[in-house]
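All chains are identified by letter, namely A, B and C, in their written order; residue positions are counted from 1 within each chain.
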Amino acid sequence: MKQGSTRGLPGWRFAQGVGVLAGVVMAIALYMAFVYAPADALQGDVQRIFYLHVPMAWVAFLAFFVTFIGGIGYLWKRHRGWDQLARASAEIGLVFTTVVLLSGSLWGKPIWGTWWTWDARLTTTLLLWFIYLAYFMLRSYVSDPERAARYAAVLGIFGFIDVPIIYKSVDWWRTLHPGPVVSTSGAAMPDSMVYTLFVALAATTLIYAYLLYQRYWIERTKDEIADYQYRMYERQLEREMREGATI
Amino acid sequence: MRRELGRIYAVAWKDLLSEVRTKEMFGGMAVFALLTIITFNFAFDLTGVDRAASGAGALWVAVSFAAMLGLGRSIAVERDRGSLDGLLLCPVDRGVLYLGKLLSNLIFILLVEAISVPVFGALYDLPIYRPTLLLGLLLGTIGFAGIGTLFAVMASTTRAREILFPVLLFPVAVPVVIATVRVASLTLTGNTGDVGRWLNLLVGFDVVFLTIAFLVFDRIVEE
Amino acid sequence: MSDTRLRGAPPDIVSASAPPSVRVVGVTKRFGRRGVLRGITLTVQPGERVALLGPNGAGKTTLLRILATLSRPTTGTVEIAGMRPDRDAQAVRSRLGVVAHQSYLYDDLTAEENLRFYARMYAVENAAARIDEVLDRVGLTGWRNERVRTFSRGMQQRLALARATLHRPSVLLLDEPDSALDRAGVRILARLVEEHAAAGGTVVMTTHDLGLGLEVADRVVLLQHGQVVLDAPAADLGVAEIERRLGYR
């Protein structure tokens, strides 16, 4: 296996294919977002950030769903692969969530004049960010890796189920205090915008899938290195005992 | 089933009995809550006509922070003393142990509320004795304590338990905060039209999360 | 003290078809990169009294915690009275009586309140009578209404013994039960162990007092670096030899 790549690992050809496809669809999406789709009637060209912001939000949620499934799988089957999948997806999800927050800020500033609005999607994403953060903080504070994985699985389950509840509660709260909504203006989106959105969504999802594959193998390798260190230490201990060096 | 209910009650009872004799936790929690309520008067304007809305928030912050102290303390004491293991040795479903701990935590927090809410009402001249408000507070407390009990157990095994516990609890508890404060402020200002949907949300939250906590508690306490 | 009846006395009632009290096969325990137990295989029959000896860090407490179902082995299987903790946890726990470093007692409750609580949790029948019985066994009847906080460490340990035997377990797991006991307490412990085994129960006990271990047990299992290095009848061994094995000399 070539150093630093996933060549030779199971499914790598398929993953390479996904990666190439992601690149292609991304190129198409970029063209459509900047050239094909018309500028928004009210917001102008700034609105084009929508094609990054919205797909990223959906895929961040998808990533959290994968973490949720991975967590359930780990609690049920106790097999490490589930946890490796869960934390790989969580890491990508955290990055995507950060992009959603930043793009939402960048969008809001020229339109509404503020860096932040408490609209439902943005607020839910902010809390999702904090839950992902808590996920990794929890893992780093728990010293035993097996226990860390179990705790993280539980948090992943709680967090995922909570997200729609958070969204609903913020949404209702906001209907009492309406404010700027980070979204496309106008009643109905022209078809060209809808197509662009879907292509952008496809591109983002493919990128996620490709990154997930890479990240999963990295996490798996981390665990295997820990196994190796354990075995090496055991072997050293055996050698010392045989030589009668230690008590 | 009756036996399990009896055990839940037994677990809660022994905590309450210990607390009655030492008065360690409850006193601290109550004083903390009252001080927070008073401090809010200096931090925010709680004297004006709009005080109902911000007052509701102040009350919930005071109560939930005191609750967090209590939840953290309650489990830390069990773990440091090693008595949590004593419970885990019993031939009892771990979910039952969770409900027992939840019940004792809940009673402590509700007692603190029983003191804080009247004091709050008196200090800021607000009509707090509305059934809707009290129901909202009760449901919110159940949800908060429900996930708090579980997260407190998780955080207590780590070296930074006081820091980790709020980090885990606050984001997940946001719907409880929003809903409870909404119910309180709507009731205090007299606009009770929307209160129903918030109460429903609290009931839904409580049912869903307490059930999940009950089911996963076993996997949390194992080693 | 050197009553030969305490050594190697065969239990009166051992049915050939009864499953072993404790059966451990290939158990390892690993915490991240650190291994604690490295392949333990051990079988204990009903009526046996096992002294689990070894230096600090050998894995005695970890093994006992695994037997007590407080911990899961990383690999390997555990059976208590023919049942597996991961399948029949409740049934296994109802047959175990555990004494450990922590007392599992609530300081602000009285001795009786503590026992009543655990009687409830273990679904002990005729709890009141049974509580009287165990308090008498450990010599704490006079202190039943005193709060545990006022007890000396030795008395707490005795109450812990009472708690552990309250529900008539078949297997006693004792982790250094003698550590805080005075001579009278040690007498009570030794008698309790003897009676338990004579009635067909099993005892697995760890201790740093090698003399006590050899006196009270009929079988010695020596643990070192998470492995069993010696497993022999207590009658065949002496304190000096065990010390030599452990490298103290």
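To be clear about the criterion, contacts are C-beta pairs under 8 Å (C-beta built on N, C-alpha and C of every residue); 3 or more make two chains touch, one makes a residue touch a chain.
Computed from a prediction, not measured in an experiment: that's the story for all the values here.
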Next item on the list: For this assembly, give the contact graph shape among line, ring, star, complete and other.
Entry: complete
Checklist line | Chain closest to the middle [Cα centroid of all protein chains] | finding: B
Checklist line | Most distant chain from chain A, judged by the mean position of its C-alpha atoms | finding: C
Next item on the list: Could you tell me which pair, A-B or A-C, is linked by more C-beta pairs in contact?
Entry: A-B
Note to self: Suppose each chain is reduced to the average of its Cα coordinates; what separation in Å results between chain B and chain C?
What the structure shows: 39
Notebook entry, point to check: In angstrom, rounded to a whole number, how far apart do the mean CA points of chain A and chain C lie?
Noted result: 49
Next item on the list: Please compute the C-alpha centroid of chain A, do the same for chain B, then give the distance between them in whole Å.
Entry: 31
Next item on the list: Quick one: which residues in chain A touch 2 or more of the other chains?
Entry: 143
Checklist line | Numbers and ranges of chain B residues touching at least 2 other chains | finding: 222-223
Item checked: chain A partner contacts - residues on chain B that touch it in the complex -> 147, 150, 154, 157-160, 164, 167-168, 170-172, 174-175, 178-179, 182, 194, 197-198, 201, 204-205, 208-209, 212, 216, 219-220, 222-223
Checklist line | Interfacial residue positions of chain A with respect to chain B in the complex | finding: 75, 127, 130-131, 133-134, 137-138, 141-143, 147, 150-151, 153-155, 157-159, 161-162, 165-166, 168-170, 172-173, 176
Checklist line | Parts of chain B lying in touch with chain C, wherever the complex brings them together | finding: 3, 6-7, 10-11, 14, 17-18, 21-22, 81-83, 85-93, 222-223
Notebook entry, point to check: Residues of chain C touching chain B in their complex?
Noted result: 65, 68-72, 89-91, 93-94, 96, 98, 100-109, 113, 117-118, 120-123, 147
Margin query: Which stretch or stretches of chain C touch chain A in the complex?
Written below: 30-35, 38, 55, 225, 246-247
